[in-house]
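There are two complexes below, and they share chain A, which is joined by chain B in the first and by chain C in the second.
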Partner chain A sequence: MFVKQPYLSAIVFIFSSSFLWAQEGSLDGLEIHGNFEVYAQTYNEDSIIGAPNVPEKSGVNAFGNFIATKGAFTAGVRIEAYLPPVQGFSNNYGTQPVGAPYRFAQFAKGKFDITVGNFYEQFGNGMILRSYEERALGLDNAFDGLRIKVKPIPGLYIKGIVGNQRFYWQKSTGYVRAIDGEIAINELIESLAESKLRFTLGASFVSKYEAAGLKNFEYPENVASWAGRGQINYGGFSLLGEYVYKFNDPNSDNHYIYRPGKGVLLSATYSQKGFGINITAKSIDNMHFRANRDAQLNDLFINYLPALTRQHTYNLATTLYPYATQPAGEIGIQVDIIYKIKKGSLLGGKYGTTIQGNVAIINSLDTQQISSPSDLDSEDYLPSDPSREGYKANLWTFGDKIYYRDYNIEVDRKFSKKIKLKTSYIYFVANTDISQGTALGKNIHAHIGVLDGLFKVTRKHSIRTEIQHMWTEQDQGNWAFAMIEYGYSPHWFVTILNQYNYGNPTKALRVNYPTAQLAYINGANRVSLAYGRQRAGIFCVGGVCRPVPAANGVTVSLTSSF
Partner chain B sequence: MRKFSLPILYLILLFISSCDIVDLPLEKPVIIPIDTNDTTPRNTDSLDGVDENGYPLIDTNTINNLTQKIYMEEFTGHSCTGCPTQTDLLLAMQADHEGEIIVATFHEGVFAKVELPDYPTDMTSDYGGQLHSLVESSIDAYPSALVNRKTFTEFGNKQVFQAHNEWQGPALSEVDKINPAVAMGVGAILNDAMTSVKIRVSTRAEINLTDEYKLLVLCIEDSVIAEQKDGRKSEAEYPRKIVEEYTHRHTVRDQVNTSKNVYGETIIDAAGLTAGEWVDWTINYSIPDNIVDAKHIYIVASLINTSTVEVVQVEETHVHLAK
Partner chain C sequence: MCAYSYPQLIPLLSQFEFMIKTTIISTVFFLYTLFSFGQNEGRSIPDVTVKKLDNSSFQTSEITNDGNPIIISFWATWCSPCKRELNAIAEDFEDWVDETGVKLVAISIDDARNMHKVKPYADGQGWEYDVYIDANADFKRAMNVNNVPHTFLIDGNGHIVWQHNSYAPGDEDELYELVEKLSKGESID
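Let's look at the complex of A and B:
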């Protein structure tokens, strides 16, 4: 099914490249950079929190990037190891313990920038094409092929790519061909170069080829998609819009319907000193776009649908009820406001006070079902839906079903040179049946309060505390969280935290999740050692999520760059 | 600029041609014709001779213990214009899943009444009337069908499904369900005079059963020739669109159980049954008067969990002539 990846070729490639340079007789100007990361976890069975007995007792994810640059040439390789994968990361990584799934060579000079091998790329906002790596999610859909970037004249940027995508240690069977053009009007027309009014226009075309599948349908083996975008800036104002259209793409996500996919993203921003507002609206319909039509979870996405919710940082808000973007269909709007009250004012205090408010509203699309998913899955001819459209939807209309609400406000104030306080209130309405696949049949209403304080005892010693509380009558009930962190600048940090699900409706599950951590930082190197319980939850970055299983054990983390 | 034009033009043309638009993913299928003369058994016949009393013996090594079969009980009527179309779709689905779907058809409700002169044949049955009364409040239109008598939360929380578009989903969701609660074997031997059938139903628990289970055994006559209104027919050829010699499939004629309970009779009491244990049920059944041709008789046996009132297994067999 998949093309096997001979990782040894990467090593040979890198070393042969070095050898060729050496043959030329000069290594002057050669620079090598990179970074390492190791994340290891041990596992103890803990039936109360649902941490399983893991036969291997431990998991290790590690990688190292090595990038060599000489003049216009850059070459790199990434070695990855999963010994075995840390729980919560796909077992597909465990099919090969060590390998080099990412290697590339790049030549960039003048108007050309050519890459062979692996590369990451994004067109516009990513709604039509984005390949990226998000290590915390175990996500890497890097292309493997050829990319050419050309800048034929000032202000005109053209990118063309062809390749397949990384699928753990293998590659997609589907190939992606794509071209993107962008015109920066102010660069193109010399007389507008200094204008405050700035225009950018862009257009993309992406086509995927995948051989027909095993089902009875007549498959479109070449699935195309196009997108158009534009951006206008004037002083502190910015207006951005993108529209994407995907032709018939029956796949396992959409129950093999032939309905086209559509998406629109509009964003308006205004900012001036001490104030900023951003309003973003997005609507998506049938926009799963993957290199393989039967891929699942976060695998082999060609596109990325930007998140429309705030990326929270506090523990309870981050991992209990975050929102996962629904490529099948969603419509929403987000308003984000930041305002800094002036220093020295009555409300602003001596150092000023920053207030940030954010509202996100996401609903289902207004749809009318033509065929039920089970009818569609049956592979039968459907007299009432011969073209297998599946449903009708209006891209511009909110449906009845609430997917998510996030209302939050954060106030950040420095009281003195030694004391800084941050407080937050967050209110979620989460339809976890949609975002996490639960079967609660009702929405979760959760209120979270956070108090975050930093006290610099002396120049070297500091104490940071976090107190969080979640009130909810649904699901697991109330949670409390407390953390204290002692910092001995600039190298040492000791953290003790505990989460307590004291409001769980089941008494036996009113469990504490304590963790202690010691971290050492030295320049670009960081080592940490932690022991404790990890709560089962869901972890999201940019609306893309992965489940995090419960765990009890030691965690070791090492990051280093050079 | 000119030196970039050709490759860019090439790329644009390449990409524009890289899109396939499919208007009709599946061709409209031809309805699978039904061989109305075919009365060969569709069940994996498990007969293994007869005992000293002439009752069939079940070959315990060959009975189906791999899957739970699907029991579809269809309500139709001879004056129902749209029913034949839907029934054909049901039979085509049955043919697609040969041996997995067992159909019993009840002629009940407003479209099944005897009305002279067009609809003189009474196709109803006492048992059909009893079951129809039980679910009538959920029947909005005909034909309708039950699927394993289950209520499907994922299909509108319904137990009764109208027409093929509705029942197809729940039925197919039940296909190939492995690890059945019980394995069943059914044997039926017709006597020489074709007046009675000796029937044996052998049921083996595949898991430990902890509920009460009832066995429902029905006598079904296949390929009954009688009138039927069929909206697909032309008025010119079939006045009032009535086909006088329509072949009715899987027509339920009678309940075989001596107990006339709508769920049959208890063969596993509330104490349950341990995995691997057998329950044997036999009857010397007199063929009822409404049977037109005894050679077309099928015996359908289903086991119903009395707590959930869902069918947990179903089997059928065509009657054998005694050797």
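Let's look at the complex of A and C:
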């Protein structure tokens, strides 16, 4: 029988581990568990919404995790299939239809936790190192190598890793070696165990090795970076900060300059019952940090730089003008407030009313150019030239270019046992030339209003409706959105929705995007079938959120855990 | 018009052949693992490190409730159905605790982008839950969660006895009936 090699090795791997246990004489306590996910789409050409003629007519992405656990041992494998990849996912997945890119064996007992094979890891806020899987984005930069976690004394946590990163069906050529230590002061010092004042401190060191390539100047083959972090809590107050520094790392993102990278994240929080506020500030400069210096797009990032804006859930707010972090440089601040007006008060009503407000301001970093990118890219530019610093910047001052503004408020009120209403207003100023690579030469100003009503008809039957509208004079003009969703607990959802770009300045592009969906849920299994036109973005229907790419056709989604 | 012309059909067929083969292999593999070891009564909670809201570490094997039932609910600040579910439960949660002794553990899968908003949100809504942050999805993976919301029910012996994906209004009533059964020592099928 024809079996693909990595596939075979994965099966042998799991079986041999299970036989090893069997030899110990007992299978008592052995647990086999895992999950499946299948996402399939068919494609109709739909030139008016830009859905191309897809020669293969359909795409299927499928994932199966199998994990075996017995006592301190865990071993697992993930089999992935792209037959061929669903549109919107990298064609690099299509180079091998089926395989087992993720397999690991782990031993965790007492103070030690050792993993060989693939693993995911995050240090601090991830600004220096984070490997993770975001399947809906087709993103997986898992390490393949060795990880050791040790807790030598209470309150001290040390992690060491070494490995390559996943690059679709291949591995990074660069190696990553990293160590992280974290101290929980209140666990370390016994007399502080019950103190209201709580401290944690952490530090990381990450080094990447990649052999110099063929360019006509010298690369640092080893690139080091470090980070320090701390958090203080006192009752409802909390204050945290992380600083990260990366030594010279000429790469394709920064035009091969020798300037170091820097990043800082500061966050303050206060909360009590019925009220919470968080203020976070972030500044980053030249922080593309990848396992291969010539990697592009979302590939092979060693670090993760969180976007400092609200993660919206309403369709028009998530899909049209979202913000994307600019690792090359950005500075921003975000304030997020929640307040619950008490039940029974005049404003709060019988069941209470919740108000949430959020403001995010993101600008360019204040920089002075030393040499232009085109000079830096020219072949005869001397690498040893001290001006290969590229530019000068101050991490702590705002530049004058707007990258993004997001002002939004949401009021949520339950009127009776049967009726709940939520209303939102969102105002974006989006520099899509920066966040989406457009060439508009101007910012987009968009106002969005949302009315979201939930009507619990009887104990098991409910109807939810959403009406959204976006006003904008730029880009594609105004949009309207309406949705109705019928839920029959605990098994069924039927959803019908339409988006209408009625304000498009080009009459022929005033298009409707209707979609109908049926979903069936049984325990940990969920199947859904949808037909219609869809745009890209994070999208919530049928009680589940997932990002989806644009298409016209039938979508079948299946998830299951066992 | 015919969707596939003849030359296109050959690679398509070989792909189908491949699909069929791989499907057979994976099915055999799956059934082998399932039946050779038999089904467990219910897994116990896997041991993974998550973060408390004060940023210190917490081992998930320490999720216990003196023999009373436990609900583990995976959610995120950006997930509307998750918040609908947890806020719906919050309205009656005092009664749930009084009558069954149940504990609710809310696992936020928010990453660094939103994890600093988890505590203000949970306090702002007045939740009486144990909230932990699983910023890099370690616990989510160990519990085989595909999407949020995903809710688990743990019996007094620490075994996972029920799970449910997604949320429709009214699901909380079914959940409470199951919690009541568990607290009386009845089995749920």
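Please note the rule applied: the second predicted complex is superposed on the first by the 532 of 562 C-alpha atoms of A that agree within 3 Å, B and C clash if a C-alpha of one lies under 4 Å from a C-alpha of the other, contacts with A are read in each partner's own complex, and residues count from 1 in each chain.
We take it that a contact is a pair of C-beta atoms (placed from the backbone, for glycine too) under 8 Å apart; a residue touches a chain by one contact, two chains touch by 3 or more.
Keep in mind that what you see is a predicted model, and the values were worked out from it rather than measured.
Chemist: Applying the document's definition of touch, where does A:R510 land relative to chain B and chain C: first, second, both, or neither?
Modeler: Neither partner.
Chemist: For A:K262, using the defined touch cut-off, is the partner it touches chain B, chain C, both, or neither? Pick first, second, both or neither.
Modeler: The answer is neither, since A:K262 touches no partner chain.
Chemist: Quick check on the superposed pair: does A:Y209 touch chain B, chain C, both, or neither? Answer first, second, both or neither.
Modeler: After superposition on chain A, A:Y209 lies in contact with chain B alone.
Chemist: Looking at A:P152 after the superposition, I want to know if it touches chain B, chain C, both of them or none. Which is it: first, second, both, neither?
Modeler: In the superposition, A:P152 contacts chain B only.
Chemist: Which of the two partners, first being chain B and second being chain C, lies in contact with A:P250: first, second, both, or neither?
Modeler: first
Chemist: Regarding the shared-chain residue A:S374, is it in contact with chain B (first), chain C (second), both, or neither?
Modeler: After superposing on A, A:S374 lies in contact with chain B but is clear of chain C.
Chemist: Thinking of the overlay built on chain A, is A:N222 touched by chain B (first), by chain C (second), by both, or by neither?
Modeler: first
Chemist: Which one hits more chain A residues, chain B or chain C?
Modeler: It is C that touches the greater number of chain A residues.
Chemist: After the superposition on A, what does A:H447 contact: first (chain B), second (chain C), both or neither?
Modeler: In the superposition, A:H447 contacts neither chain B nor chain C.
Chemist: Taking the contacts chain A makes with chain B in one complex and with chain C in the other, which residues are shared?
Modeler: No residue of chain A touches both chain B and chain C.
Chemist: Give every residue of chain C touching chain A within the complex, in rising order.
Modeler: 3, 8, 12, 15, 18-19, 21-22, 25-26, 29-30, 33-34, 37, 40, 43, 46-47, 54-57, 76-81, 84, 91, 111-114, 116-117, 119-126, 135-138, 141-150, 162-171, 173-174
Chemist: Once bound in the complex, which stretches of chain B touch chain A?
Modeler: My answer: residues 1, 4, 8, 11-12, 14-16, 18-29, 93, 154-155, 165, 168-170, 172-173.
Chemist: In their complex, what parts of chain A are in touch with chain B?
Modeler: Spelled out, the residues of chain A in touch with chain B are 150, 152-153, 158, 160, 177-179, 205, 207, 209, 216-224, 247-248, 250, 256, 258, 372, 374-375, 377-384, 386-388.
Chemist: Flag every residue of chain A that touches chain C in the complex, lowest number first.
Modeler: Per the touch definition, chain A meets chain C at residues 1-4, 7, 11, 14, 18, 27, 30-35, 37, 55-57, 64-69, 79, 81, 83, 97-98, 108, 120-122, 125-127, 130, 132-133, 157, 182, 184, 186-187, 198, 200, 231, 233, 236, 238, 240, 267, 269-278, 280, 304, 306-308, 311-313, 336-340, 351, 354, 356, 454, 456, 459-462, 464, 487-490, 492-493, 519, 521, 523-526, 538, 540, 542-546, 559-562.
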